[in-house]
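Supplied in structure tokens, the structure appears directly below.
Chain lettering (A, B, C and D) follows the sequence in which the chains are written, and residue indices restart at 1 in each chain.
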Amino acid sequence: MTVQKTLAGSPVGAPADADPELAALYQGFHRENLIPLWTEIGDLMPPHPRPRAVPYLWRWRDGLLPMARKAGELVPVGRGGERRAIALANPGLGGAPFATPTLWAAVQYLNPGEDAPVHRHTQNAFRFVVEGEGVWTVVNGDPVAMRRGDFLPQAGWNWHGHHNVSDAPMAWIDGLDIPFQHYVGSTFFEPGPEQVETRAAPPLSRSERLWGHPGLRPLSHLGPVPATPLLAYRWEHTDRALTDQLALEAEGYPATVEAGHAAVRYVNPATGGDVLPTIRAEIHRLVPGTRTAPRKQTGSAVCQVFDGAGEISVGDESWRAERGDLFAVPSWHSLTIATESGLDLFLFTDAPMLEKLHQDRAEAGEAR
Amino acid sequence: MTVQKTLAGSPVGAPADADPELAALYQGFHRENLIPLWTEIGDLMPPHPRPRAVPYLWRWRDGLLPMARKAGELVPVGRGGERRAIALANPGLGGAPFATPTLWAAVQYLNPGEDAPVHRHTQNAFRFVVEGEGVWTVVNGDPVAMRRGDFLPQAGWNWHGHHNVSDAPMAWIDGLDIPFQHYVGSTFFEPGPEQVETRAAPPLSRSERLWGHPGLRPLSHLGPVPATPLLAYRWEHTDRALTDQLALEAEGYPATVEAGHAAVRYVNPATGGDVLPTIRAEIHRLVPGTRTAPRKQTGSAVCQVFDGAGEISVGDESWRAERGDLFAVPSWHSLTIATESGLDLFLFTDAPMLEKLHQDRAEAGEAR
Amino acid sequence: MTVQKTLAGSPVGAPADADPELAALYQGFHRENLIPLWTEIGDLMPPHPRPRAVPYLWRWRDGLLPMARKAGELVPVGRGGERRAIALANPGLGGAPFATPTLWAAVQYLNPGEDAPVHRHTQNAFRFVVEGEGVWTVVNGDPVAMRRGDFLPQAGWNWHGHHNVSDAPMAWIDGLDIPFQHYVGSTFFEPGPEQVETRAAPPLSRSERLWGHPGLRPLSHLGPVPATPLLAYRWEHTDRALTDQLALEAEGYPATVEAGHAAVRYVNPATGGDVLPTIRAEIHRLVPGTRTAPRKQTGSAVCQVFDGAGEISVGDESWRAERGDLFAVPSWHSLTIATESGLDLFLFTDAPMLEKLHQDRAEAGEAR
Amino acid sequence: MTVQKTLAGSPVGAPADADPELAALYQGFHRENLIPLWTEIGDLMPPHPRPRAVPYLWRWRDGLLPMARKAGELVPVGRGGERRAIALANPGLGGAPFATPTLWAAVQYLNPGEDAPVHRHTQNAFRFVVEGEGVWTVVNGDPVAMRRGDFLPQAGWNWHGHHNVSDAPMAWIDGLDIPFQHYVGSTFFEPGPEQVETRAAPPLSRSERLWGHPGLRPLSHLGPVPATPLLAYRWEHTDRALTDQLALEAEGYPATVEAGHAAVRYVNPATGGDVLPTIRAEIHRLVPGTRTAPRKQTGSAVCQVFDGAGEISVGDESWRAERGDLFAVPSWHSLTIATESGLDLFLFTDAPMLEKLHQDRAEAGEAR
């Protein structure tokens, strides 16, 4: 029989058109909305992950930022479009506005005096500010200042809008689990007022005043808190934590992930775990002259150079990246970072999805 | 400016071709692999889930089973194709061999004397037997009999093959998280021997002898067990559990999910939680004259009528279904089951993905 | 100064009476309800646990059982005393009716036709039946038969009473965390009716019909279940589980804790963890000619020989024990069991207290 | 029969001496180390907790502190006694050096230049500083400054010693689970060097530099951390957290436990749960004119007035307490605090023991 040979010869054989019985069978499959595994298994169940997403770098200074500025001139923000956000579209994902299969990353831009209208959605989100200040995001009525280096998570189904109280436009990045929720079908959305509910612009949000004291939990809030109640992780703390790790390393104590490589994970102070149910976020600092050991893992990531510059290598791609540049790391692609002058890297991943569902696997190579 | 009107008029506006500056901006987006949110948000972030998958019914007696039999005549099983499995392809998913975005369901067919070769993969899997017997699945060398009504889970990365020791062919269904693992990029696969490692065909697997005693845990196995170590959930137990629930209801005690509707979830005896990290499986029994309250929830399901017949309604679709028929329930589609003559329904879902990532939401209607 | 020498000479020095200033200080301590650590530390913080409880064996056939029978003749059961239960009083515990510091063990005796009145208390409890049958314990109205080899747990704050429907008296053992709850001050008690609420005496309790099917959880009961909802663990299951482990061992598979030594832990089917929040219970089977490796651990245990006979060694004590005999194992006392003819041993411990509070430590020796 | 009347007449009846058979039975019980439940149940299983420990207040300024000073003159610190610590002995506990059945509280005193020798023990411990500074506790070689208002936890089995680098003596309180570990028999102790391993006296410990940044977790330390890795909770943070709660309350947001009553719990930054496996610690601030609602709960507590003064009521006792005064709250004794001038209260409890073992119960009254 033809197909036996075909199968033996090529694991993912197409059906032999020559055999009329077989052809009828395949037509039957098609008619009945059935697809045989044996023609698909090579793609579906490869020896190791073979993601469609590709390694890709988006430039900040000469790409994202001028694009966002131009959009700021031409495109209004408001009801309907909701946000002046421009998404990174991974070239491997067939035109979808997704940085990786699970993660959304966008640059958002707000002109002086503008309001991004209030809404809520089940998508988990965060903002990270690579430069600028002057925008307040108002989450459930709590105004949260956004400044360079701040990480501002906001779990699903909280009302939020932004407004720019300064006299300069501001750009930042948004990270969300839009692709994942689109994929599993868990997405709800509800519009709110056109303008944020308060113009107050305090330096600290109420969330920070309640939850931002290290190791201290308010007794008024002892119930379960699946996503972080802390709406701002300020750069001054992050910077000090990284600085301290490197100082401890220099004093001879284990504090860094590898020599010259400090890193912190943003965590939910009520659990010590990831800030959001679906998204992990971290910031890494490499001292000048550092090269990380290559590492690959299941699941995907998006990274942004927060400061400095370096050579990034993802799978077979490599780029020189500098402040603001963003890149995507597909599943099971080895990531290495090297820097002559020092580098701070922000990154977010879908690791909680992989870990909670026992799909995480990692492989670390040797540093060269 | 044109776009403002467009945005105001239609939330998901396409760019106005008339404005050359705007046109240039959109070309720039395209060139830089960027996509604006404001043209996509209606699809990406709808008010409630709008899955691409559709409600669909696959017939067993006149569809799947004769197809599988024909494949049994024409298509060999063996290395390369690995399994004579024919997948349900949801018509809404663009030709992918997926019953729902996250779940794989297939009918598998094995002739007398055949071996489905040994392999292992990260995909979590189970088998459920709607009719027949005579095949043993050998999991890490432990031979597990497969008989009508048995549920046979098998967590990722365990070696397994099947062989038919009887003189009749046998068909059953396979359920896996192939689509999900393909999506996140966590799939590993490794081939093993062409034939199962043992021809022993004991009535009980070793896993049942170790783990199948109610409320009794072997002291030799106290470590963490993220997926069920029990490889067979026998119909005799399931049937008795359902019968007992209905008897208890008749005696006046709370034991059923609603009047005339008994149900059990297959659980990991080491945790009391779902059998597999990504898949939930249950069996429901409706006594004659029962109609379930409509219920919709995020995430998707695949169901098979195990016994009896009834009217199935999923969203706006409805069918009369009988023994062996399979149907897909997309996210946020209301499911109702009614039966005059009684019905046993097996179902599996991606609920663990939704629940562990805090994306589960459900809405129950009133029974009519 | 006197005390310095004293301290140097003996770590747990008594104060030097010779020094009047020091004497005044110690008088002041006494007056103010203060006690210096330096005179107590040797007892309070020894190098390893030095429990007050001692190893002790209570004989069944010639001790507990005749005593219980005599009490059955002379002492009524009923309101006030509540139960005809006679507690094991560890000789090291200064006259308290406690088998170990945390655990209560008693023999309970009920004549034909008698009712032990209904009450509820926060104490977690179980019954274990070394011989006889004919008593039903009624837990929240659910009648549970008690028969040789059955383990019948019942978490705190459930109404329960017992009655003997047979024409013979019956004795069994009760295990509770009375000492622990007395110690921490968490004990509540409420009396109920003088007689059990139902005379129904079905072979299976409702709890077993709902929860006694291996790996199957009723969908009507998905909420958290901190203590086991299964009110009876029948000997037929336990016996089969132990038999299966030894058979698997004989076939060459890892199933026993050591050669010739099978063991199961009674677990909550809703969690896979211990049956009760404070008490662990297990049953061990040693084939003829087996000697266990010595093992000591923090926390205490009470054991009863269920069948057979053997040499028991606890710390420096050892006894020949046979069916029904009970013994106490104090903290950090090495336990070894040897048997020529085979032995089944039931045991319960305070391990959940130690483990959940991170106070568990164990040391296993070599088998001789 | 005599005893029947006795039982009916008094629930906890003593045996009737008149009945010779009964007398013989009771002699038999005594001989065999058995104790009947029916004579003990009233004490063992009361309707609600009836702890032996009593409410008691120890004065700081005129009691503990001068006593500690005197001990500082007369009693050396060093090997053998290990610590110059003076324990609160609850008058209800029969002369044991325990503040409550489960908790140890002591004032410790160290003269300029003295070392409290290095040791480790399984007991979980903390220090809390009501006044003074100048001592460093060195935990596993990490020097931790101790200053007024600081809370310094240190989980079991970590090496630690103290030394006073200032020119003034210093007193502080120690809290440990010595009584509990003594009770269950889990206590191990190991002496180390006579002097602390480093004289370095940095303002911040290494633990704070690694773990003291709010919401930031070092990637070098992602494994499980059952007890807090943060060795110092500084007063400046605690004070600011309490101040912020009261300010938020004044602004109209839910931030306090009741009007005018702010409170934080010290938590493990790696879990958000209690700092130590067995001990909970909190600090409460009452603004002038506040009276707390009475509250009773199972388990016991020790409190110290950190600042201000107020009226304390525990069960039927009440005292006016001021800075430094300590008091014990036995199980199920109602606690109320009232203050005209404002009060900061530090407290620690055995709540983790009760909660993890499902023995917690609480009852809150109305504020008058």
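FYI, contacts are C-beta pairs under 8 Å (C-beta built on N, C-alpha and C of every residue); 3 or more make two chains touch, one makes a residue touch a chain.
From a predicted model like this one, the values you see are computed outputs, not experimental measurements.
Steps from chain B to chain C, minimised over paths through touching chains, total 1. Averaging Cα coordinates per chain places chain B and chain D 52 Å apart. Centre-to-centre separation of chain C and chain D, using mean CA positions: 29 Å. Between the Cα centres of chain A and chain D there is a gap of 44 Å. Contact between chains, as defined at the top, is found for A-B, A-D, B-C, C-D.
In the complex of the two chains, the chain B residues touching chain A come out as 1, 3-4, 7-8, 10-13, 19, 21-22, 25, 28-29, 32-41, 44-51, 53, 56, 58, 63-64, 67, 70-71, 74-76, 78-91, 95-97, 101-102, 106, 121-123, 156, 178, 181-190, 226-227, 277-278, 298-300, 330-332, 350, 352-354, 356-361.
Residues 206, 209-220, 222, 225, 228, 230, 233, 237-238, 240-241, 244-245, 247-248, 251, 253-257, 263-272, 275, 282, 284 of chain B touch chain C in their complex.
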